[in-house]
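Presented sequentially are two complexes of subunit A, the first with subunit B as partner and the second with subunit C.
After this line comes the complex of A and B, so read on.
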């Protein structure tokens, strides 16, 4: 087996910024010259394709096809380096080794897979094949919020798990459970990432407080930003606005990924 | 038509998706009109038979209240269009338009407009894009207002701090939605200030984890057969990968 690493991005509650963070991190890592894949395992409500400019028309084979045995992983991988599409941020990905493995956005396909369930071995084989066939250094997984079965599957296979949380009580409570699960599943690198921090919160204080509560490193504290909200997932924010506070804080996460054992 | 007019048309969001060639086709079907301060450009209730793209000057969009007094709904300036929605939905003018200074505008009649759409698929598509572009912008802002309304209703003003008041990009059509958002923002800020005057109390985020609940939820997830199987499979896979 190849030694590419699986990096899952997860949050206990929805809307924490998983998809935006995953897409931006994957892009940043790809821009360091690494070969990177991004899999959308949020089968119920896929979203990350939007950040890479894919719509129903552009989307070819999907992870769903693979899970049904109707397509090979090679057919599912969509080269962003060859098709960066419109958008000033994404355009910078031209020529990079970045591949998206999207989840179908067709209602019928979604309900079909939810009915049938996902076989751990098939999904795992898909991930491993993606790594070996595309010779990936990193395979990022964008997950569905909560701890449902497909999410547990991706946590179970990951080498690095990044749990995103907002600094509020409910997220902290849910994150506590996620952290316990990740430890129970022996995830080798458990990282935390705070998103949507308010200006009134001192990033250092948040970091210290959360690290002491969970005994896991907080890789960065990303500010809640109106500019991010306005970007509304239209493009890769950290490529469009590299000097923005959010982008700078996001880039702090990259070395944690590159140095994970 | 002269280049400067073409350029002005191109700057209008409504037409921004059109190629130069398509813009020329639009311009060829339009008439340049001039209005003086106080001239009525459109009357409420009139049939909608044309629309205007404002090139120079400002005008007000007006309606009347129950007592018959004039209410200014909006001010419109260069780069903006008026009356274009009425062309499509075929309703009479919903408000009047009165020039506030010398106004220069391109008028396109309904017949010319549909004629053009008929002949030129590229123009039709470009205009559709203009519409959807604007709708998308508005939707983003409106979702924000909905979100903020809900938060405000719950007494959660946290969004005020994360938000810098919006910078309006003048002349673009997302202005109105953006204005709604910024008006809403300043309203909530005032409401909050008033409320704070009443209760001189500082809030603090409670960072306490309910350990009981944490344990219970953990056990609920890990207690299933699915989980036991998953854990076993994960161990096998990790061992295999480490071995390689």
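After this line comes the complex of A and C, so read on.
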């Protein structure tokens, strides 16, 4: 088995801030000197490329091309360290070993996947080959919300699964389902991350309650932030505003990833 | 003229079309089999001695005897959940994941959508 670890980031429901959190976490881990990949397996509704400053023109080859046999995974990997683009936050990634494996945002490509389905043997080969060919220490997988088959595959092959949830009854019920499935798939490190917690509530109390409910560690409690909303995915918030409460809380998650067995 | 590798690759691809295991099926397997499936998924394929090593490193309560491992590998191969190339000690195993089916919407919907999208770009 390759030494590189797969870190899947999942949420049962949409709107939890999964892509924003994944991109910021991957950037923070890359800034520790690790070689990091980020793959967007949310093929139906891709979005994480925006946080890395990519659009349809800059994107080049995509995961869709790889799945259709039109590109190698080597061709899909886009070096953020060499092309950090504009944005004061992303500029700090210049020279880092951070690679993005984006999904296509072309309507025709998305409908082609929906119409033809996905060969999971090819998808899994792509994920494992990305780790070996790019000599990655960590491959972050940004999954589609809910439990579809590609999400289950990424959970089944993960070393670390981070489930993002809001302190909301619907999220709590959905997270219970995800946690059950992750346990039945023997994920070695199951971690929780609370996002969009109301500032009036005590983060320690939220952490204690959720840890007790799911019997799994809560890595951090990120506050609901209007500043974060105002950023509107234009840049990597934790790099732009490193002293902001949201950024400081996010950085608490990094040691959990680096110390995962 | 195709070489040995090309022929083996074609053989694997042909067999992969014949079914396969879904990620949900993985969750339903006994713990020891889930672990060896995980080894094969992460390493893409594994030799028989590698699988024996993986079984030997499991907690004693989950560990399979060699006859139990051989029987499990044989059953999984018969179901096309595993693909075996070669025999006995020299066998190489690979997980055969079931393809995600495409949408069952009428074909006309997809061509209409495709034409509409082409018209925009």
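In this text, the second predicted complex is superposed on the first by the 260 of 261 C-alpha atoms of A that agree within 3 Å, B and C clash if a C-alpha of one lies under 4 Å from a C-alpha of the other, contacts with A are read in each partner's own complex, and residues count from 1 in each chain.
Simple rule for what comes next: a contact is a pair of C-beta atoms (placed from the backbone, for glycine too) under 8 Å apart; a residue touches a chain by one contact, two chains touch by 3 or more.
What you are looking at is a predicted structure, and each value in this text was computed from that prediction instead of being measured.
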Side-by-side fit of subunit B and subunit C on subunit A, or clash: clash
First, second, both or neither for A:108, with subunit B first and subunit C second: second
Partner chain(s) touched by A:169 [first = subunit B, second = subunit C, both, neither]: first
Touching partner for A:199 - first (subunit B), second (subunit C), both, neither: first
Subunit B versus subunit C as contact partner of A:157, first or second or both or neither: both
First, second, both or neither for A:121, with subunit B first and subunit C second: both
Which superposed partner A:223 touches (first subunit B, second subunit C, both, neither): first
First (subunit B), second (subunit C), both or neither touched by A:37: neither
Contacts of A:232 with subunit B and subunit C, given as first, second, both or neither: first
First (subunit B), second (subunit C), both or neither touched by A:185: both
Those residues of subunit A which subunit B touches in one complex and subunit C touches in the other: 1, 120-121, 124, 149, 152-153, 156-157, 181, 184-186
Partner subunit C, residues of subunit A touching it in the complex: 1-2, 106-108, 111-112, 114-121, 124-125, 128-129, 149-150, 152-153, 155-157, 181, 184-186
Subunit B to subunit A touching residues, read off their complex: 140, 144, 158, 161-164, 166, 205-210, 213-214, 217-218, 221-222, 226-227, 229-231, 233-235, 237-238, 240-241, 244
For the subunit A and subunit B complex, residues of the former touching the latter: 1, 3, 120-121, 124, 147, 149, 152-153, 156-157, 167-169, 172-173, 176-177, 180-181, 184-186, 196, 198-201, 209, 213, 223-226, 229-230, 232
Subunit A contact footprint on subunit C (complex, rising order): 16, 20, 22-24, 26-28, 31, 34-35, 38-39, 41-44, 95-103, 105, 110, 113-114, 117-118, 120-121
